[in-house]
Amino acid sequence: MTADSPSRRAPETARELLGEMRRWPIFDPHSHIDPHRPAARDLDEVLGYHYYTELAHSSGMPAADVAPELPPRARAENLARRLSALDNTVQHSWLIEIARTFHGFQGDRIGPGEIGDLYDRALHDRDGAAWDERVWKATNLERVFLTNEFDDPLEGWDTDRYVPCLRTDDLVLKLHEPRTIERLRAATGVDVGDGAGLREAVVKLFERFVAKGARACAISLPPDFAPRRAAPKRAVTPIRRAIRGMDLRPDEHDEIRGTVFWTLAECCADFGLPFDLMIGPIRNVYPAGVAGGRDLFDRRVSLHEYRELFNHFAGVTFPVSTLSPDAGAELVAYSWIFPNVLPMGHWWYSNIPAFIAADLKARIQAVPKVKLLGYYSDAYKLEFILPKFDMYRRILAETLAEEGMSKQGWTADRALEVAKLALVDNPRRVFPKRGREGVAAI
Amino acid sequence: MTADSPSRRAPETARELLGEMRRWPIFDPHSHIDPHRPAARDLDEVLGYHYYTELAHSSGMPAADVAPELPPRARAENLARRLSALDNTVQHSWLIEIARTFHGFQGDRIGPGEIGDLYDRALHDRDGAAWDERVWKATNLERVFLTNEFDDPLEGWDTDRYVPCLRTDDLVLKLHEPRTIERLRAATGVDVGDGAGLREAVVKLFERFVAKGARACAISLPPDFAPRRAAPKRAVTPIRRAIRGMDLRPDEHDEIRGTVFWTLAECCADFGLPFDLMIGPIRNVYPAGVAGGRDLFDRRVSLHEYRELFNHFAGVTFPVSTLSPDAGAELVAYSWIFPNVLPMGHWWYSNIPAFIAADLKARIQAVPKVKLLGYYSDAYKLEFILPKFDMYRRILAETLAEEGMSKQGWTADRALEVAKLALVDNPRRVFPKRGREGVAAI
Amino acid sequence: MTADSPSRRAPETARELLGEMRRWPIFDPHSHIDPHRPAARDLDEVLGYHYYTELAHSSGMPAADVAPELPPRARAENLARRLSALDNTVQHSWLIEIARTFHGFQGDRIGPGEIGDLYDRALHDRDGAAWDERVWKATNLERVFLTNEFDDPLEGWDTDRYVPCLRTDDLVLKLHEPRTIERLRAATGVDVGDGAGLREAVVKLFERFVAKGARACAISLPPDFAPRRAAPKRAVTPIRRAIRGMDLRPDEHDEIRGTVFWTLAECCADFGLPFDLMIGPIRNVYPAGVAGGRDLFDRRVSLHEYRELFNHFAGVTFPVSTLSPDAGAELVAYSWIFPNVLPMGHWWYSNIPAFIAADLKARIQAVPKVKLLGYYSDAYKLEFILPKFDMYRRILAETLAEEGMSKQGWTADRALEVAKLALVDNPRRVFPKRGREGVAAI
């Protein structure tokens, strides 16, 4: 065995691949960034990320320790006292990378002894836009997608950097709540009173979003949702009842959810927008949890329920994320068969190295490389994009070094081809800028 | 740490184990080989494997590009233009291994620039049988099992090499289609009119298959199929209605499927045949797909539904394959408890290195080695047996080197004992030749 | 690449971590040890562990070969003839470690040629208590939890070493069997006749168990069990019918199971006991199996069914084990969100290195380290605690060396912090000694 035999080189090779990948710009096709305040103004906005509050709460911190009415510094101090309980987690490693990269922190743990100085270093309330720009540049960001409520005015920022994306959960899952209809009327000017009015309003939403630079429609769906071809006549009465805020039977709720969802898919087809499906979350499973830390899932979910959707809308691209880590293998199979199904990123409870590595290996071995949508940050603040993408890029580099180069004999260039597609080229192609001609073509 | 410490030796050890395994003959207990045309006559028959057409279609190729009415060379050229989109997949690696091993190809990718020359090299339409023999020998094949429809005449080939296997999907799942009953009558000479006639016909099928050298009965079953002990009286009317081509209620379909399946299991018991269960596929989930690329699965499946079958037929050996990759762990548990349940190969959507490696590790750690049925090719053309077995043997070698030798301190001989059983000895023992005495013993 | 680059050091680092871990005492929070006969008196009591009898039976041994009426030596000899069929399994490796550590065995396989001498070496029927003590010391045991039936008198042993644990399966799942009510009456002196009497009796059980040093309540639950908040009025009649041994409808069984289970959780809250949930087994799936080798599971199970329980009993700690290996990822998510849900050990069909390694990696990456309950032996005889914990500690060391040190840059001390919590500190904290003050506080 020589010193440079393939397997012994794998770790070093991975580092070299990673070095190359880190020179590429980041295209982030899904986040919750607020374009008016993209980077964190203080450390509380970093530590307030639900991963830290929920993990701290899960390990014993009272929810009151991070209550909204507390001063930001107090919240940060309270949380810092709890970080040692969770400093084994990958989420903690993102925090350390942020502190080191953006705030000149030197250590590898943050506790009561470090929090004061770090809080001061991370304070950027007076230089907001300049700080946003610094984080953007340091991250080498090309584009970051937002998650916009349907009545977001979509104004006041550069939509080429912060790309609008129409989030449609409320329309599908909360149409029966009076507030939803009111918002829809206000946003579209349509006096929604029945199914026809609803459709007219939804079309107006798409027109406005596309005109404002939106490049995707997105929705998160519970595990028991099963899209079925809409039967408009059957839905007439339930939709009218929902709009009027009347009580609904479970089957009427199903009819409404199904009909609105199908209408959205039709608009995605008409307007040429990809429809991001984020499958799995059940909201408010743990009501006593901290904000953002109350949702979970039921692992008994299958993409087989989506067959009619994928077949019917052959012209719509469906970037799919699954929440339950054990559902990842099924997504590989559906992406391998359906041209319009693309595996997208590694989401939330599936976004930890153990699950990413397993899913990624299978995707690289069985899904055409032109269909891989590698990663998105899901971040609320710009600072998180870099450590999350770095986590993913490290795993991608290790996987390509081991499975591609060491076991399949690929060259580094060939491994990097796959990485470049997953990270940059495919997202650019799947989520292109939609010009006026795009709108006009409908 | 010395240069030859266990873990640093693992990759080299794996190569040595692999070298040894590659000297053994291949016993392939499941394929779709056509014994009249076992090896590919041209490259179109290689590229026509559904893995290539479906992955190319999934990445954008119109199904018309590989339509049956096109000249074979045109199909191959069309497909070659698409291979770059999927050259990351393990299926692509089989193709390259075929081109190199059998056709003197030197490169590591096949595109428009290579396809012409390669097509010429791979043309063997004039030397069919001799080419079959060359591939057979180069593959070091001992035996390959076929998948024969129940009305296959089973004549015209050496059944000791190409071993018949009775495929029973149509009998169980399509008894209500008039064509099935017609074929059954034609194949058996029994004027099937009711349940008794059906059983008589099925027994005749088994007699004929066993007399012709069949060594297994096989079936693929959808995830919602749940075998239940047959209640012949309850099935009388549904079966008669099915035979007459009358409309059936869903519960009648269930009754028929269950009854015919149970009858097959009884025949396996009577004739001493193993019953291969291939659990999971749902047919035609994506109707617009290419031939062979339309089936998928629902991951919500459990072997618990098979408990009554495994208990009742204690004397029947059930080699089991599961389609959903995440169902593999359950198969390990059922194989560990039930003497008559054996984990068999790594099938279709589960047949990629990431899933094979995970399943294999668990099988080797928890299933008695005498029960491991390592691998089968599932191939349609002989050329694929070698690269597919090589993929499996490489993973087997890596697993044994790492988990057995490095972590458990096994010697290489001990690792090879396990490999030999899984690859050669167990398949020979579980699927023995059934002589006249076998038939006579009923 | 230098000789001591991180990844090349991982195997050696793992050995160093393991060496340190092996110096710590073992805290074993779940076993089936008989405190009156904790260590094996002869080799038959070792080989009689269901793993060996069931794996041997699964690979062809008739159940009669290990029938209770045989002399112990004959059973051991019969089993030894079968061990070669399963010497690949991890369970076999425990056996060899026992033979080497406790009985001076030198080989690496046990067959007919070795069994006689080994049987003689392992005979300790004359020096029972002294042998128990030797095994206890050699194992470096601190504490081992028992599994006590509710009517166990809990007398005659040191409950600080052998800690009582109230096992409640019979109360929840077999209340309708006359024997259960009789035993309950005898154990508590309460003339149980209705729901109120049942509750009074259960409270008495908890009082007695806590007074005798119990530190946990435990139950194993089938996959279709879904805890629901008790509706005492609705349960009045079914419980009375059950107590009187009358026939019950399925919905009445559900009502009873749910009500008794909820009562147990209330008592855990009142008495401050953790409630171990062991989710998954279905009893007697393979009735013809050997003793202890008849149970399996249905993998379609979800912790989502437990949401109401986890929410309602916020003050009760629920150490959770799941049986289906593919359910492990969901447990990670629920432990990450719910403060009172802790992932506990790696159980039964999930207790093999392939599944442990995958689950452990995810737990270390996503569950706060203060919540990890690393491992328990589930053993019936003391001798098994050491090899099972050694298997786990080896995997823990490898995981920390690779994922923590090599990939996250942790120091060895930091890796050992996590290990110490999982193995020793967390179990001590979660299962503390309950003094009189604990009881008095109710």
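Letters are used for the chains, namely A, B and C, taken in the order the chains are written, and counting of residues starts over at 1 for each.
As a convention for this text, a residue touches a chain if its C-beta (ideal position, glycine included) is under 8 Å from a C-beta of that chain, and two chains touch if they have at least 3 such contacts.
All values derive from a computational prediction rather than experimental measurement.
Asks: Regarding the chain A and chain C pair, does the interface count as same (over half of residue numbers shared) or different (under half shared)?
Replies: Different, since most residue numbers here occur in only one copy.
Asks: Write the angle of the rotation needed to overlay chain B on chain C, where the fit uses Cα atoms and the result is rounded to the nearest 5°.
Replies: Rotation angle between the two copies comes out at 120 degrees.
Asks: What whole-Å value do you get for the distance between chain A and chain C if each is reduced to the mean of its CA atoms?
Replies: 39
Asks: On chain B, where are the residues touching two or more other chains?
Replies: Expected reply: 8, 300, 326, 358.
Asks: Quick one: in the complex, what on chain C touches chain B?
Replies: 8-12, 54-60, 85-91, 93, 108, 282, 285-289, 293-294, 296-300, 324-326, 349, 352-355, 358, 394
Asks: What does chain C use to touch chain A in their complex?
Replies: Those in contact with chain A are residues 1, 5-8, 300, 302-304, 307, 310-311, 314, 326-327, 329-330, 332-339, 358, 361-362, 364-371, 403-404, 406-409, 418.
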